[in-house]
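Next, two complexes with chain A in common: one pairs it with chain B, the other with chain C.
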Partner chain A sequence: MSITGRTGATPPDPTRVRPYGDTLDDGQVQLSFSLPLPYSPEATEAARLLVKKMGMLDPRVYHAKDLGHGYTFFIVYARCAASVDATQIVVPKIEGDRMSKKEVDALIAERIGRPLVILGATTGTDAHTVGIDAILNMKGFDGEKGLESYHGFETHNLGAQVANEDLVAKAVELRADALLVSQVVTQKDSHKITLGQLIDMLEAEGLRQRMVVVCGGPRISHELALELGYDAGFGPGTRANDVGAFVARQVIERGLA
Partner chain B sequence: MSHETDSKLGLDPAAVASCRVAADAIATDIDGFVRRHTTVAVERTVTRLLGVDGVDADAVPLPNVLVDRLQAAGRLGEGVARPLVAAVAATGREPREVAEAVSAGELDLLAVPEPGEAELRQLGARLAQQAVDRVAANRAERARLQAEMQTHPDPLLYVIVATGNIYEDAVQGVTAAEEGADVIAVIRSTGQSLLDYVPFGATTEGFGGTYATQENFRIMRRALDEASARNGRYAMLCNYCSGLCMPEIAAMGALERLDMMLNDALYGILFRDINPQRTLVDQYFSRMINAWAGVIINTGEDNYLTTDDAIEATHTVLASQFINEALAARCGLVPAQMGLGHAMEMDPMAKDGFLMELAQAQLVRECFPEHRLKYMPPTKYMTGDIFRGLIQDALFNLVGVWTRQGIQLLGMHTEAMHTPHMADRAIAIESAKYVMNNARSLADEVEFKPGGLIRRRAASTVAATVELLTEVRDLGLFEALAQGRFAAVKRSPTGGRGLDGVAERAPDYYNPIEDALRASLRLEA
Partner chain C sequence: MLLETLPADARRVAVIGVAKNAGKTTALNALLAEADAAGRTVGVLSVGVDGEAHDAISGAPKPPVRVPRGTLVCTAEATLRTASAGVEILDGTGIHTPLGELLVVRVTRPGNVVLAGVRHRDDVRSLLLRLEPDVALSVVDGAFDRTAAADPATTDCVILATGLVLAPTAEGCAEKTASLVRRLRLPVAGPGERVPPELADAAALRATEGWRAAPAATLSGPWPRSEARFDAVYQPGLVSDATLLLAERLLEPGGLLVARDPTRVLASDAALRRFARGRRIACLDGVRLAAVTVNPTRHDGTAGDSAALARTVAARLPGTPVIDVRTWTPDAGLRC
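Showing the complex of A and B:
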C-alpha cells in the first residue's frame, strides 16, 4: 500500500479511511500492552515484532517498563496499513429526535393519558446501582432529573442483585409497561448471560411482547441489546429523557397502553 | 485536634466534640441491642474459631451443618458452643471431629448430654483460649515481619486485584508489591456478600472478583510473604469482611494473617439490602475479631457519594464516620486500626471542585487525627477517557498526600472499563509515587485563609453533620436508616436479607469466643 500525505487541499476519502496522526493517511496509531517477558532488550524486540505481525508498519517501541516478576509494559507507535470504507457502515440506532422531560411528559399525557409503570433493576449478581439510579431516581445525573420526577412515569427502582425471576414476578404484580435492566459487570460476559435469561423468561411467560424491555450500562450498545432480544440498549452518556422518550414512543407505536 | 490552633481549617472544637457525643449515644443504643442477639453467622464463626472447617458430601460447609441443626431445632439463641463443647466433653474428640461425625450422621449434636455448667465453661474457655492465642501469634508474626522490613510513609498505596482466579490474583498481587504497592486487596466475586455460607477451597472462577475462601486467603498470603521477603517491604493483604458472612470472614482473616479488612457497620444494609438487625449484630462480633487480630478495618462511606451527590452529601459521610468510630471503639478497635472511608467523587467539571475536595479531606483528617483514613478515588465520573482519568487520579493523589490520608486506594485510569490490567496498576502506582514524593511536605507549608472558601466549606459541613447526628440520635439508628438518612437509601429494620438468621439470646446463651475476646481486649463483659 502507499501512504501519502495531502498533495493539495485534498479532503479525506471516506471509502478508505485510515488513522490520522499529523498527516492525512499516515496511519499513526498508539498501542500499549504488557508481555509476560522479563524486562530486557529481547522483550522490547518481541513487542516490536508482535506489532509488525498485527500488520502494522514501522513499529517503534517508545517506552518499556519493568512490571516485575517477569512482565514488561510497552508503549508502541506504528502505522496502520488497513483502511475501512466508512460509506458502507450501518449501525443500528435508536430513532427519533431527542426530547426534553417536558416533551416526554406532554407526549404521554396526550397520547396515553396515564403514567407508564417502569421497573428498573440491576440483575443477577451485579451489585452496581449507579446506572439504574442515574436514570430512575429523582436526582438523575448530570443535571438531568430521573424518571421518578416525571408525571408520565410511575417508577419502581428494585435496586441491585435482583434475580430475573423476581423481576418478572414484580413486573406481573405491578403491571409494568416497561423494564429497565442495568448491567455493569461484564467480566467473562456475565452480563450477556443474565440479560439473555431475562428475555427467555419473559418469552416463556408470554410477556415479552406486552412490554418495552431495554437495557443499559457502560458496555452496552444498542446493537448488542437488539442481538439479545431487547428493544433498545443505552450506553454511556445516556440521560433519563433519552430512555423516557424511547419508552413512551415504543408504547405508542406498539399500541401497548 | 484538641484546640483551634492545631486546625488549619479553624474548626470549632465544640462542634466536633458534639458530633462525638451524639455518635456515642447512637452506639450505646446499638450496643444494647447487639448484646441481646446472636445470628447464624456469629455462631458459625464460633465453630470456625473452635477449629471446625471443611465441607460435607454436598459441599455444605461444616459450620453451616452445625448451626443449621441448632436453628432448625429453634435453639439458635442458646449458642452453638453449648452443644458443641458438650459433644467434645462427651466424646473426647476435637470440635472438627465432632462436626464431621454430626455431618456423617454418626452423632446427634442436640442429643449429647451436657456436663455440669462449670465443666462446660471450663472446657469452652480452654478451647476459646487456643483460638485467641493462635490469632495473637499471627499478630505477633506480623509485628515481627514489619519490624524487620521497611515501611512506606502514609498514605499507604492500596491497589486491587480482581481476576476471578486466585492463582492469577497471586501473580498480579506480587507484581503490584514489587512496583511499590503497600496493600493488595482481592476484590470478591460479585454476589458473595449475599451467600449465607463461605465457599470452600481454592477457586478459579469468579465474576468481577475472586471468592473469599480460607484457602484463597492462604494462597495470597504465601505469595505476598514471599514477595515481601524479596522486596524488603511488608505487603499487606486485604479482603472483604462484609455481607452475610461478615464475622466468619473476620475469623478466616485472623487465622490467615490478613492485615486489612473492609468492615463497615452500615454498608451491607445500605448497598446490599442486608437486614439492619443482622448486620449490626454481625459487624460487632467481626470487629472484635479484627480488633484482636490487629487488623485495620476500612469503612465504606465513599459509597454514599456514588448514590448521593458528592457536593451536597459530604456531611452524611462525616456523620457516618463518627458512628463507625463509636461502634468500632466498643469492639476494641483503636484509632490506628480505623480506616474511616471517604472519597473524591465530586463532578470534576464543577468550579472550585478541587478546593471543596481538599476542604473535605482536610476536614476528615482533622476530625480523626490518629486514624488510618481510607481515601477512595474518583469512580463515578470516570468515563473511559483514560487520559483525563489519569489527571483526575493525579489530583486525587495530590489531595491524599497534602491532607495526609492513611490509605490511598489508587484510582485506575481504566475505571469504568474493566477490572485493572497489570499495566493499569503499574501506571497508577508510578504516578502516585511521583505525585506523593514530589509534594511530600506540602502540608507543612500551606495554611488555609481565614474566611476563605476552604474554611467556609469545612465549617458548613461540620454544622450539617452536627445536625444530622443529633437527628439520628433522637430517632435511633434503626429509624434513621428506615427514613433514608444515609446514601439516600431507605432500609426497614425488618426488611432485607438475612433477618431469619437473627435470634434473641436465651438466658443461658453461651459464647466462649466472645468471652475470651472481651477479656483479651479488656472490654466490658
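Showing the complex of A and C:
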C-alpha cells in the first residue's frame, strides 16, 4: 500500500486500515501534546523529533503556543505508515437492542413486578458526579431523563467520594438490586484499584452474585469492567435508558428479583 | 517446580496477583506447562479476563494464556473466536454472561485462549464441580489484585504472583508482599473460639453463656445501639475499617473477632494495626499459600534483577517457596 495515498475512487480496505486526511490511506494524523520546555525554536524541534521517534513520517509542527512557566503546547501533523486489520478485531460489547424509558418500565412491571433498588455513587477519591448524575437524576442527559424518573427504579444517588465500604453498607441496608459506580477523573490509574476493591468487598459480604454491578466513566471500557468483575462498563455518551435496560435484563436473566 | 509446591491433597489451586501485571499469567502458564509435563489434566477458568492480547488499561501487549492439549477450559462463548488453540465444545453451563454463555471446552490443539466470563464465587464453585470429574487439578485464575479466588471454601491453596509493579525496588516489593501474605495468613480460630456451624451463616456474639445469633445478619449493615459487650464476635462477611470499629465497640478488651476467612478481611493496614492493639482477629478457615512467584518487570517496562528480587522476597517470607518462573519455564513446554 502506498503511503502517499490513493487517487482513484477505490473502496477502503478494512484489512489494512490507515488514517485518512486528504486522500484515502495517506496516513495523515494530528497529534497534540505539551512539553516541559520553554517556547523556543529548540522546543519546536524537540516536538518534531519526538513525533518522528514515535514512528511517524514527515512530522510538521503546525502550531506551538507558550503555556508559560517553561511549558509549550504543540499541534503536529504527520503521516502514519502503520495499518491494522479491522476484520480481526473482537471487542466485547453490551448486547441487546436499545430500549426506551417506556419499554424499560414496561419490562420491569411485567417481568419483575416491583421497582428495582439502584444505588449510585462516585467512589474513592473521585469528586466528579457529572456521570452518575446524568444517569440517575431526574433531569438526565441529552434529553433522556434519568432513572429517578422511571417507575421501575427506586434510585439512591449517594454522591461523590463515597468509600467502597460505605457503599457496601448502604447496599446491605437498602437491599440493593444494582449498584452503579462512576469513576470520572482519577490519577495514576487509581480508578482500577477503587473499582476492584468494591468487587472484592461485595464478594466478601456475599452480595456480588445477588446484584447487578456496573461501572462507568470516560476511561472505562466494557472489557475493563468485565476484567474487574463488573457486569458491564459504560463509556461516554451512555444514557439512562441504556443502563436501565441492561440492569432490568440482567435481573431477569439471572433470576435476581 | 510450582506443581511440587502444591499440597498433596490440593485439587483446586488459585493463582492470584498482588496487582495487575504482577506476572499472574506467566505463573499460570508455568503451572499449566508443568502439569502437562507431569501428565496431569488441568481444568482452568478465570475470575475476570485473562489472556487478552493487550492490557485493558495501558494497551501494552500481554502474555497469552497457553493451554496444552487435553486441558479443559471454561470461558465465555465470544472469546473462542480469538483462540488460536483448537477446541471442542463439551457442554454449556447455563450461565449467561455479557460475553455469551460460559462453555466448557477441551483443547484439541495446543495454543492460546482468552479466559473470561466468570464473575463471582458462586459461579466459580459450580464450574469447579463441573470440571472436577474430568481433571486432576483445577486452576482458578484471579483478576487484578482481587483475592476472592483464594477463598478457602473455593480453592485448596494459593499461588501468589508478585513483582516490581508493586514497588520499583526489591525491598519495597518484599515489604508490600509480606503485608499481603500476613493478611492471607491470619490465624485460624482455635477449637474453643469457633462459632457453631449452625450459626456460621450470619453474625454471632459470644458471652459467658456461649454463642448466640446477633441482632443483625452482618456487621456491615445497620446495627442496633447497645452497650452490651462480648468476648467474641463472628462476622461472616466483609471485615472493613468500619466493621473493625463496630467490633471494637462490641468486644471486651482482649476480645476476639472471628472472620470467615482471610479473603473477607479487606480493612486497611492502619485499621488492622489499631484493632490489634486491644483486640484479636482470627478466621474460621485459613488460606494455604503454596508459593510466591516474582516478576522483575516494572510499570514502565524496565526490569530489575529477578534473582535478587526472589532472594529479597524470600527473606521476608521464611518457609514459603519463592520462584522466578521465567528462569525455568520451557518456551516449548506444551505437550503436542
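Here is the rule we go by: the second predicted complex is superposed on the first by the 233 of 257 C-alpha atoms of A that agree within 3 Å, B and C clash if a C-alpha of one lies under 4 Å from a C-alpha of the other, contacts with A are read in each partner's own complex, and residues count from 1 in each chain.
By definition in this document, a contact is a pair of C-beta atoms (placed from the backbone, for glycine too) under 8 Å apart; a residue touches a chain by one contact, two chains touch by 3 or more.
Treat the numbers as computed from the prediction; the structure is a model and nothing was measured.
S.K.: Applying the touch criterion given at the start, work out whether A:V168 contacts chain B, chain C, both or neither, answering first, second, both or neither.
M.R.: In the superposition, A:V168 touches chain C alone.
S.K.: When both complexes are superposed, which of chain B and chain C contacts more residues belonging to chain A?
M.R.: The partner making contact with more of chain A's residues is C.
S.K.: Which partner does A:D58 contact after superposing on A: first (chain B), second (chain C), both, neither?
M.R.: neither
S.K.: Can A:A127 be said to touch chain B (first), chain C (second), both, or neither?
M.R.: A:A127: touches chain B, not chain C.
S.K.: Check the residue A:V90 against both partner chains and state whether it touches chain B (first), chain C (second), both, or neither.
M.R.: second
S.K.: In the overlay, answer first, second, both or neither for which of chain B and chain C A:E253 touches.
M.R.: The answer is second: A:E253 touches chain C but not chain B.
S.K.: Identify the partner contact of A:L226: answer first if only chain B is touched, second if only chain C is, both if each is, neither if none is.
M.R.: In the superposed model, A:L226 contacts chain C only, not chain B.
S.K.: Kindly classify A:I199 by the partners it touches after superposition: chain B alone (first), chain C alone (second), both, or neither?
M.R.: second
S.K.: In the complex formed with chain B, which residues of chain A make contact?
M.R.: 32-34, 65, 67-69, 71, 73, 124-127, 129-130, 133, 137, 139, 142, 159-161, 185-188, 190, 218, 236
S.K.: In the complex, go through chain C and note every residue touching chain A.
M.R.: Touching chain A: residues 20, 47-49, 52, 56-57, 78, 81-82, 96, 98-99, 116-117, 119-123, 143-148, 151, 218, 220-222, 236-243, 263-266 of chain C.
S.K.: Residue numbers of chain B touching chain A in their complex, please.
M.R.: Listed in rising order, the residues are 164, 171, 174-175, 178-179, 189-191, 193-194, 207-208, 227, 271-273, 306-309, 347, 380, 383-384, 416-419, 421-423, 426-427, 430, 488.
S.K.: So in the complex, which bits of chain A are touching chain C?
M.R.: Answer in residue numbers: 90, 92, 94-95, 164-166, 168-169, 172-173, 189, 192-193, 196-197, 199-201, 203-206, 208-209, 219, 221-224, 226-232, 253-254.
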